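The structure that follows is given in the form of structure tokens.
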Amino acid sequence: MMAQSDLDLKEMALKEDLKFYFMNPCEKYRARRQIPWKLALQILKILMVTTQLVFFGLSNQLVVSFKEENTVAFKHLFLKGYSGTDEDDYSCSIYTQQDAYDSIFYVINQYRNLKNISLGTLGYEHEESGLKICKQQYKRGTMLPSNDTLNIDVSTETECILLKPKELTGKKAELKLNSSFFNLEFYRLIQVEISFKLKGIALQTIHARELPDCYAFQNTITFNNRAHSGKIKVYFDSDTDIQECKDWHIFNSVLQKNTQYILVFDGFVILSCLASLILCTRSIVLSSCPVVAFELFFTSLVGWPCSVRGR
Amino acid sequence: MMAQSDLDLKEMALKEDLKFYFMNPCEKYRARRQIPWKLALQILKILMVTTQLVFFGLSNQLVVSFKEENTVAFKHLFLKGYSGTDEDDYSCSIYTQQDAYDSIFYVINQYRNLKNISLGTLGYEHEESGLKICKQQYKRGTMLPSNDTLNIDVSTETECILLKPKELTGKKAELKLNSSFFNLEFYRLIQVEISFKLKGIALQTIHARELPDCYAFQNTITFNNRAHSGKIKVYFDSDTDIQECKDWHIFNSVLQKNTQYILVFDGFVILSCLASLILCTRSIVLSSCPVVAFELFFTSLVGWPCSVRGR
Amino acid sequence: MMAQSDLDLKEMALKEDLKFYFMNPCEKYRARRQIPWKLALQILKILMVTTQLVFFGLSNQLVVSFKEENTVAFKHLFLKGYSGTDEDDYSCSIYTQQDAYDSIFYVINQYRNLKNISLGTLGYEHEESGLKICKQQYKRGTMLPSNDTLNIDVSTETECILLKPKELTGKKAELKLNSSFFNLEFYRLIQVEISFKLKGIALQTIHARELPDCYAFQNTITFNNRAHSGKIKVYFDSDTDIQECKDWHIFNSVLQKNTQYILVFDGFVILSCLASLILCTRSIVLSSCPVVAFELFFTSLVGWPCSVRGR
Amino acid sequence: MMAQSDLDLKEMALKEDLKFYFMNPCEKYRARRQIPWKLALQILKILMVTTQLVFFGLSNQLVVSFKEENTVAFKHLFLKGYSGTDEDDYSCSIYTQQDAYDSIFYVINQYRNLKNISLGTLGYEHEESGLKICKQQYKRGTMLPSNDTLNIDVSTETECILLKPKELTGKKAELKLNSSFFNLEFYRLIQVEISFKLKGIALQTIHARELPDCYAFQNTITFNNRAHSGKIKVYFDSDTDIQECKDWHIFNSVLQKNTQYILVFDGFVILSCLASLILCTRSIVLSSCPVVAFELFFTSLVGWPCSVRGR
């Protein structure tokens, strides 16, 4: 009789447990007055990660548009006769010797007077690196197309000239610019490559109550005469690196507090992710929460970069 | 016997009424020689309201095209190097400091010589309001992008200069234009906003035998450097208000009579709408005309603005 | 017995007739050795009319392209700053007073020097008709948009100046061009219309072994300020009339013979159409050829203009 | 008994043969340890011919792009006011006499200074051939469009002037350029044709480790006034011939060896094609390989031009 009753009791308890197991949070609350704090934690975590993603996307969009507008501005500043839209995969093309010389010296002059021309917050890089002009050409050769005769040395040579920011004006610069380097022999010229590094500061982020970013633009203008078809294609390429500004003082700003808020918020995100992780691990161990397990995996993937950005 | 007959008579009358109730106008006319004047009134009202709508649409179309053509003309007058079509959501863009200064002074000069340049019937507004140039910039700061250093005061300041129509030429104007206000420091400049109010008169309505309208154009040209990307976007915005001309004398015109005709016509519309309203209210009270009730509601919605315009 | 046989014979004849009636031309030929010359006539007629249509189309295409190219050439000659493509339904637009004066005097100067500028075979018309400049404006008025005041006489007046080809240069012309006529008061100006007639000769038809055509171009340039919106729309309209050249001598040419051939060919077309007409009328009378009747109708419609052109 | 057995044996052999005949290469190898060298040969041949086709396509693509870029460069060099894109089937159009003269002399001047203008490796052809300017016009004539009168000699005459490379500057050239030849009478002018031959060398092939090609460009610029509509259409036509460079010395190059490799490779292709040919002929004779027969036909069609190119 006792055993029977004990068995009944056990069966009842199991039934109860099973019933409870398949209840939704509302029913659980009604059954045992148990607050569904695990669910609340999950929802909180999703909300926090989503918020972080949105912030991340917005600040990223600023960065992308800043880079694109800078590239367009560089093309207008340094490419002579740039129409505003690229031809094919190159930006513009040159058909006469005079235009070729003009375009090259246009780049140099615009670079020299950059401070007085550019609207952006641009500056030269270190004193060492400056404007580097390299011409690549066949070593020597004579070509007389009229007689179908051609003497050419296939091996190429590359000559370079470096104009440091310090030397942009004055005697030394003039000497360099008047040197024989700029007597281009187009029949053996392969390409002229002008490269320079500029530094810029994006202030727009301040409006978004974030710290300003410092940028380094590695610009390369290539006059490509590889085809020797009478058409030099001009390529413009701008590689942008984001760097931390070394030395900044921002007055009257809520940036400091704001970054503290962001840090605190990031801390909460990490905490809630950790709590979720522990709960889910426990659930997996108890073999009762595969769905949450998947979510755990997904969350750790998504939440990580966001948390990292917060620093 | 009597009661029976009386009941029969009542039944007959009810039958007759019901029959009559469901008759269409033609049958009604054939049955009782009753002229369907209520229907005629409804048709008349619909015709009159439609006519009014067509007149309203035509005169509105004139207004819209006048506004649009004026905006295009303003863009050609005040934006230097405007190509005729807008880029993206802004009208044109500037890439060099010289172009920025040129564009700003171009607006000022065009405004000063407006009378000798513009083809439209434009005039300055009151003597008090004139050309207002405001520049918004960060309070103070130094930026050395080369060293990644940045000292900036995030709070912004807004400086303004006002050029009154009286002072457009002469010593005072020159002093203002040569002031340090126009030494723009692009690295901390956020935007320059030039705003001015012009008044114009649309004569085209006279051809449509209507009274001329006086317009007030509130033009705002914004040089947006918010992104500090080396590209200043130029926005042109023109807000147009229609005002009644205060003091007009129009000779040899049929406008007076015409407006009288329109007033008479509007009177008839109001009368027919009122009659329709009374008839329908009666029908609703007699609970026999839900369709007309709906029409009443619709008519009052549509007919009202038209009647108002008539004045 | 006799009657029976007679009846049989009649039946046989009818059967034979019916059978023949429904035969195709090949079977008819095999049955009675009858040559289908009616069919041949129809085919011949169709071929001849088609040939005529093709010739007609080709010579017409020359005329259309000549007119179009002339219109494009006129626009480039007489419209200052014409871009090569029309804006909307007008050719170009003007936004400043200076441009308006320049555009008007540009037309006059181009007209005066037409012989030294134009590439086409153009000439002025009679000595009487010349360049006619008409300005339409409100009779009198003052407008002060600043004060919202407007005094205007709605009735319009039209002033005209005529520059005869003889007077294009010299004192009289200068007097006319310096007259107060050209002090445009834009606030009351409605439109300026410049019209002139030019004559031209299309030589290209000579290559097609046809006689050259003489053309009269009635050109009208309208500066439309009707909207008073600050934008003058410039319309160019060219009406072209083909006229017979009065006095032509063409040497070393096969044109004479060629036109004779065409006349002979046209004669044959008319003859074959006539024969077809007679045959079909006969068929219709005999009530046996409704299809041919339709064709007759169609042919007379199509063949007529072609035959007429032959002269 | 013996016969029976013999018959059985024969049947067995036939069965075996048939079985073997329908085996795939793997089964054949397993059955008789026979290496499928015929299959290997076919696969080898397909690989080699494909390789040849790819090389052929790549070198052809270089040739085509070189020709196209040269044509574009010529249009920019020789057509005054060329916009970069062709109108319709002609490159640009002229509307005034001044523009016509300017465009013609522009071609002559650009040709004279070609060495100092062009970016390509271009040279004049032999000393004999030079710049040939031909004008075709009606023999004589007077046209007075004003009076609709026209005297014209339909027979055309063609006058030519030849500017040899030697005479481009100096007294003789000036005399020629100032001669009455350049007094164009546009009313009887049909067309002006300027033709010249230029020689060029394509160096880009050197990068592909091939021998450079010498090109002869036969350029023809036609000013077409055939329509006499006031619009001269300018056509540019460039016929390109590839010629072997007569006299070339290329230093520091692997070209020599490379061509030897290509010759050896071509030899192998020819050998494998021949072997395949013989095998397939044998198969066709034995009536057992229609598929291979088709392939043989296909291969000989495709393989031939590739082998030829190899030289």
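For reference, chains read A, B, C and D in written order, and residue numbers begin at 1 within each chain.
In this text, contacts are C-beta pairs under 8 Å (C-beta built on N, C-alpha and C of every residue); 3 or more make two chains touch, one makes a residue touch a chain.
Keep in mind that what you see is a predicted model, and the values were worked out from it rather than measured.
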item	value
Homomeric contact chain A-chain B: same or different residue positions, threshold half	different
When chain A is superposed on chain D by its C-alpha atoms, the rotation angle in degrees, nearest 5	90
Centre distance in Å when chain B and chain C are each reduced to the mean of their C-alpha atoms	45
Distance between chain centroids, defined by C-alpha means - chain B, chain D (Å)	64
Two or more partner chains touched - positions in chain B	none
Chain-chain contacts as defined at top	A-B, A-D, B-C, C-D
Touching residues (chain side chain C, partner chain D) in the complex	65-66, 69-70, 72-74, 76-77, 116-126, 198-204, 206-207, 212, 214, 243-253, 255
Chain B-touching residues of chain C, taken from the complex the two chains share	94-98, 100, 138-139, 143-155, 186-187, 225-232
